[in-house]
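Comments concern the structure below.
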Amino acid sequence: MSQQAGTDRLVELRRELHRRPETAWTEFWTTARIVEELERIGVDEVHVGRDALAPDERMGVPDDEEIAAAFERAREAGAPADLLAEMEGGYTGAVAVLEKGEGPTVALRVDIDGLPRRESDDEDHVPAGEGFRSVHEGAMHACGHDGHATIGIGVLERIEDSDFEGTLKVCFQPAEEVIGGGKAVAESGHLDDVDYLLALHLGLSHPTGEVVAGIDGFLSVSHVEVEFHGEGGHAGARPNEGRNAVQALATAVENLYGIARHEEGATRVNAGKIEGGTASNIIPEYARMEAEVRGASTELKDYTKGRAETVVESAAAMHDCEATFETGPEAPGGHSDDGIRELVSAAAAETDGVDSIVESDELGGSEDATYMMETVQSQGGLAAYVGIGTDHPGGHHSATFDVDERSLDIGVDVIAGAIERIGRDPPPLGED
Amino acid sequence: MSQQAGTDRLVELRRELHRRPETAWTEFWTTARIVEELERIGVDEVHVGRDALAPDERMGVPDDEEIAAAFERAREAGAPADLLAEMEGGYTGAVAVLEKGEGPTVALRVDIDGLPRRESDDEDHVPAGEGFRSVHEGAMHACGHDGHATIGIGVLERIEDSDFEGTLKVCFQPAEEVIGGGKAVAESGHLDDVDYLLALHLGLSHPTGEVVAGIDGFLSVSHVEVEFHGEGGHAGARPNEGRNAVQALATAVENLYGIARHEEGATRVNAGKIEGGTASNIIPEYARMEAEVRGASTELKDYTKGRAETVVESAAAMHDCEATFETGPEAPGGHSDDGIRELVSAAAAETDGVDSIVESDELGGSEDATYMMETVQSQGGLAAYVGIGTDHPGGHHSATFDVDERSLDIGVDVIAGAIERIGRDPPPLGED
Amino acid sequence: MSQQAGTDRLVELRRELHRRPETAWTEFWTTARIVEELERIGVDEVHVGRDALAPDERMGVPDDEEIAAAFERAREAGAPADLLAEMEGGYTGAVAVLEKGEGPTVALRVDIDGLPRRESDDEDHVPAGEGFRSVHEGAMHACGHDGHATIGIGVLERIEDSDFEGTLKVCFQPAEEVIGGGKAVAESGHLDDVDYLLALHLGLSHPTGEVVAGIDGFLSVSHVEVEFHGEGGHAGARPNEGRNAVQALATAVENLYGIARHEEGATRVNAGKIEGGTASNIIPEYARMEAEVRGASTELKDYTKGRAETVVESAAAMHDCEATFETGPEAPGGHSDDGIRELVSAAAAETDGVDSIVESDELGGSEDATYMMETVQSQGGLAAYVGIGTDHPGGHHSATFDVDERSLDIGVDVIAGAIERIGRDPPPLGED
Amino acid sequence: MSQQAGTDRLVELRRELHRRPETAWTEFWTTARIVEELERIGVDEVHVGRDALAPDERMGVPDDEEIAAAFERAREAGAPADLLAEMEGGYTGAVAVLEKGEGPTVALRVDIDGLPRRESDDEDHVPAGEGFRSVHEGAMHACGHDGHATIGIGVLERIEDSDFEGTLKVCFQPAEEVIGGGKAVAESGHLDDVDYLLALHLGLSHPTGEVVAGIDGFLSVSHVEVEFHGEGGHAGARPNEGRNAVQALATAVENLYGIARHEEGATRVNAGKIEGGTASNIIPEYARMEAEVRGASTELKDYTKGRAETVVESAAAMHDCEATFETGPEAPGGHSDDGIRELVSAAAAETDGVDSIVESDELGGSEDATYMMETVQSQGGLAAYVGIGTDHPGGHHSATFDVDERSLDIGVDVIAGAIERIGRDPPPLGED
């Protein structure tokens, strides 16, 4: 049956994507593989790379060397040269447009990047046991974006075959994990005529069969990059002559996590990546940290960021070092609109395999889909961020994260069903 | 004149070595270049690599990948294949033997490795201004070992031409900066018949023209490698589910530097290199540190190491992490013998360019020459560690360290002069 | 007019109480002054001290010396000897019972203790400018309990004069600030027949004229007392021989504030009071800390407490000290019932001076009134915690906190109005 | 026999002094008891309190309340009113002058104050077991000054009975433990005509029977008092509104102990006494610390003090607090002169019970005797600081410190013997 066939092809695609995770702005092979599917489906327009983005709005772009290495790796893995050319320099991702006559313009946003972490090689971890574990050591699809991209393809296929009237755009967005791509897509122009926006995420601790019709509670986030510059020297012979950048960093880390909680809601701090110094016998003259701050609102995030900057500067001063504190990718908070939430809920109610529908839930994390939601909502459109439950053995971002592949079909059914409902009976738009 | 010619050749050799600094156990090109000189001089025996060392006693050996990369780099730079073959796997260094008839056996130890730090590219930094700055980005001769190796060659030339009667062995020792090579040379067998040992160091804050006849006050040292293992997770959505290895490391660093001073003498701690975590939005599940502890005696070093281990284990426990604490390269303390110190002093007094002789000084740092001194002294021989002053603009291990090349000839004169005096009138040996 | 006369007397009483703040379990004079009012009003029963409490359930009791000093101070200030005798040993507080015929039993809980902090002597601070600043240096009514007790008296007067039918009990509870008295009143037996419980608080950032009909969001709390025991010694001559309890405490404080936030809701940590060591030249062998942990639920509080205990024990181990970690006063979370909230709202709507009614608000702090609410609710009764807005120049617990005395009458009107409504038309009770 | 009688009386006196330890500038009873002995002996002059000191040069003076309480306690313990009057306000100590004809002027300095620490009540602790444990709870002679004062009396008796020709001044100096009295005695004028100065200390890890003829290696020291001023607030409801002085202090303590060691010699830091905050539920708005820094030289001490000030100011800035950093009592380093060391050594060689003479030793601690040594040495005189060994079960400043009372007679014999030798054959003086 076609349903089963669809399933098989989606599972196969997801596993292919899973094997080749590419981190933010290096999704060369992934984009090329998606475009291959888009051409198979025969969508009306495909915009790739610079054409899919506002090129100057990329955030969290890695250094040239890392981009070049991934580019070469994608070439060796068989990505077509002409497609690669459109992405050279780290302009990844694609926007597909399906024109199905007069009707509302609906956009679906799916993200496609992997995470810079090693995947478990335990045989109990299904991708390891079944042979589709990451072949890119140190990178992993540990947040389900392989499934998101797959669902995006599945929805295009389904709508292509349906009697939906209107326009569907699917944005395959790069660099979500660094909150780096949402703004570039939001400001690309592709959303300017969009009335309704759907985004989706697998898992989020909801089991297979559960659907969240519209997620709220996105945390506002800023990524920050901190550097400490001190002075080296011989740690044994001249302990007093150095200015110890690692000691400054340690003092900062201790106190960053100790930033006072806020009465008005959740805040977060994480010193997620550190490095410093060169050898055990040299006083470390340099150290750096990639950190993030979050808040239940932009105000709470900014409170935390302000305190973090004070902590960093004081820690540097304490150890006679200089510090820089640079803000990287940021994202606002966000919310789902009831008008569209109801249609998702109705679609889920008629989807095989769905046994629980949650109207709303708090994300508790951050997402740069909020840039796109904000763009659509600010021009009078409606948006919803949909949760598609999936049993996941390890937590998001952990080495044993995996998705239950039954949720791929569920995701396609729920999202496509909601789009069809929008086409049939568009919910009233707001004021521009 | 030959003196000037000698000088020119020594300066040229030193600059060649300076351009290609190789860190511990990767001194492939350096060793090959030294052997080329030894063959030019025509010494009686040359022992290279495994033959120069007790192969199982190497400490601080880097990983295979780093060794292989340096090996390949040396090959590309023209190091002869047969010589490289003798060093494959990171068995570097050489021992040269010059037999000049009946008489005492004297050894000279010079170290040859560079440091893993970037060299200044400021035009005021002479190697940068005059075109012999390191071509190995991230590595630098920042402690004068290029000069030490050069003086070793100069001394062999001088003694070859002199009426010294006896045997001279010059040990070109690798991996001093990680305290990793001294033990392997000390236990190689080459020192078993040595009666007198000289070692030397340029600089140490003594200006050009000053000589320290015998240095004492070597700090005992242990390098330690610490790992923290926690658990990752999404820093925004599940802040409580991770076990934060970077927070554990920061707590450890803060408290390592706070280990109580000791009434009996100097102690040192340095957390010289750290890294941890993978991305700003993932709770860091892993962090590591390369540190060192020192003491004016082995007891004081062990006091500090014991306290450090408690700090590390408690910091891990505090953040629900596990820690490992592994001891790497170590070295004992050491002292110079008066019998040989006097001859160095006498040689210095007759050396052109020497205007100040210091009988003794405290090093304040550590050195794995102490293994070799201990070996010779324990078999009844005498040892001295000689300081050859040199004006150095930046401190040892700093990006602007450099030597005054006038000190190369002074070093050769003082050391060769002392060896000749030993040959003429060997100071009385101690008990075996 | 009687209204104005009432006002004057309430203001006068509040100022009298304000001048003599007594901290937890030392409210001797305060209780005596309240009893004087109760006798003037002519209530039916007055239970004082041990008779008002479950004596064994007091928490946060200060040491004997502090209690004895306050007892003596109250005696000198004129508290009657017979009343004091009933409170000897720190059994303070009172329960007044007014019997007005057949009808529901309603309880009102007001707290009466002050805080251990110095009051501002700035002339702009009204109590200082108008001469009723605390005469107990280092103690202050900085949270409005002087006003609460006064409103309790006002309500009794009002209900005494009204046509309310039923029984009114007013619990003048000691030791709220240390979360120490609520449980002792809750388990005293006086609440066993209570159907409806009201509690109130002035201020909480609501301005004069605003009333919160029922507050929710009480944080669960545990107070903890931590001791570090190390070993002293001469800090100059024998720095290595001590075991530094202050260094252990500092490590603990840094890391307590750094306990990871929790995905499920608010948590709090505060190291509110510390002391340690004896002199600058002695390695400190002892240090202690009074801290608290909170959570939006008891589970979140217990998560934080568990992490705090690990931090304390690890910090002690790190510095070779021993630690004790003892839990002191605790309180559960809590919520207001809608049935009673509506009556409060209705009463507020008819109260002069009320211009804003908020149905519900989150407290964000902790309260041991939750013990009493839990007792009444668990036996099928209803409870509400009412906020009476008051302009307060400084924040709660700050040196310049003060209440707008116009809110005293408003408080009496709203609470008495709600009680009268309960008497007229008791809201349906829940299941026991 | 008189020797034994002397011993008995000295032991009795030492135990009397031990029972009533008085901390810096509160040695009212102690001074009075010493003056009683001086009058019994019949010395020629006794200068008490303001007459023994440069009154404006006292350092480390406690607050008026503490002085007044100790004053009253001394009065109640029987100190004569006229003597007390001379010391009112905390001007304690005495200088005794014995004139014995033509000859050199020799001064002996003994210190008389106790420490602010609790004494052990273990029966194994001799003062506890034998009934002369401190009756001043929280104060203790834990550094042997009770013995020093006793030896001062014993020396006066011995010299009074001897054929010494010259003048002997014994300075019973207050407030050594806070480095607070040495400067005031040094600048009192009493030393202006002194040619030779002896000071002594019991113990210092030397056993009974060992004498150190002249101690060197005094650490320079500065006491510092640090305050942190933040802002209070309710820790549960408004965690973000306070500015946490305890968190600032903890950060400072962690980093003070982490100040880098110095290549040139020993440094010390100690955060000996801390306190802060008022209650567990209030964000602490105030914290303070009494600390000290030391160095093997004044330069090393000043290096450490400079770093400490930076740490304190940065820790305050990090937590939005203000800090003050005030320098209290200070003392220079110092050394003993060989000319007088030899006479001490000779005297020790003829003293019963002395079985080991150490020519020189490093103190490793600080002492304000260095002010007096500096004064005498700067006017051409000679000074020596003599160590009188004594078995002490607990370390100096610990709760179980005690002296072996046999060392009292040894101390008298060695010091008196040295003074007699000075009288017979004065060592040559230096230049003024």
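We call the chains A, B, C and D, going by the order they appear; numbering starts again at 1 in every chain.
Just so it is clear, a contact is a pair of C-beta atoms (placed from the backbone, for glycine too) under 8 Å apart; a residue touches a chain by one contact, two chains touch by 3 or more.
Worth saying up front: this structure is predicted, and the values here are computed from it rather than measured.
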From chain B, which chain is the farthest off, judged by mean CA positions?
C
When contacts are scored as defined above, which chain pair ends up with more C-beta pairs, B-D or A-D?
A-D
Chain B and chain D have mean C-alpha positions lying a whole-number Å distance apart equal to 47
List the centre-to-centre spacing of chain A and chain D in whole Å, with centres computed as mean CA coordinates.
67
Which residues belonging to chain A are in contact with no fewer than two other chains?
237-239, 241, 244, 247, 251, 254-255, 257-258, 260-261, 263, 268, 364
Applying the document's contact rule, which stretches of chain D touch chain A when the two form their complex?
237-242, 244, 247, 251, 254-255, 258, 260-264, 303, 310-311, 313-315, 317-320
For a test of understanding, state which residues of chain B touch chain A in their complex under the given definition.
115-117, 177-179, 204, 219, 221, 223-224, 231-239, 241, 244, 246-247, 249-251, 253-254, 257, 268, 270-284, 287, 290-292, 294, 328, 363-366, 395-399
Spell out the residues on chain A that touch chain C in their complex, using ranges where they run on.
254-255, 257-258, 260-261, 263, 266-268, 364
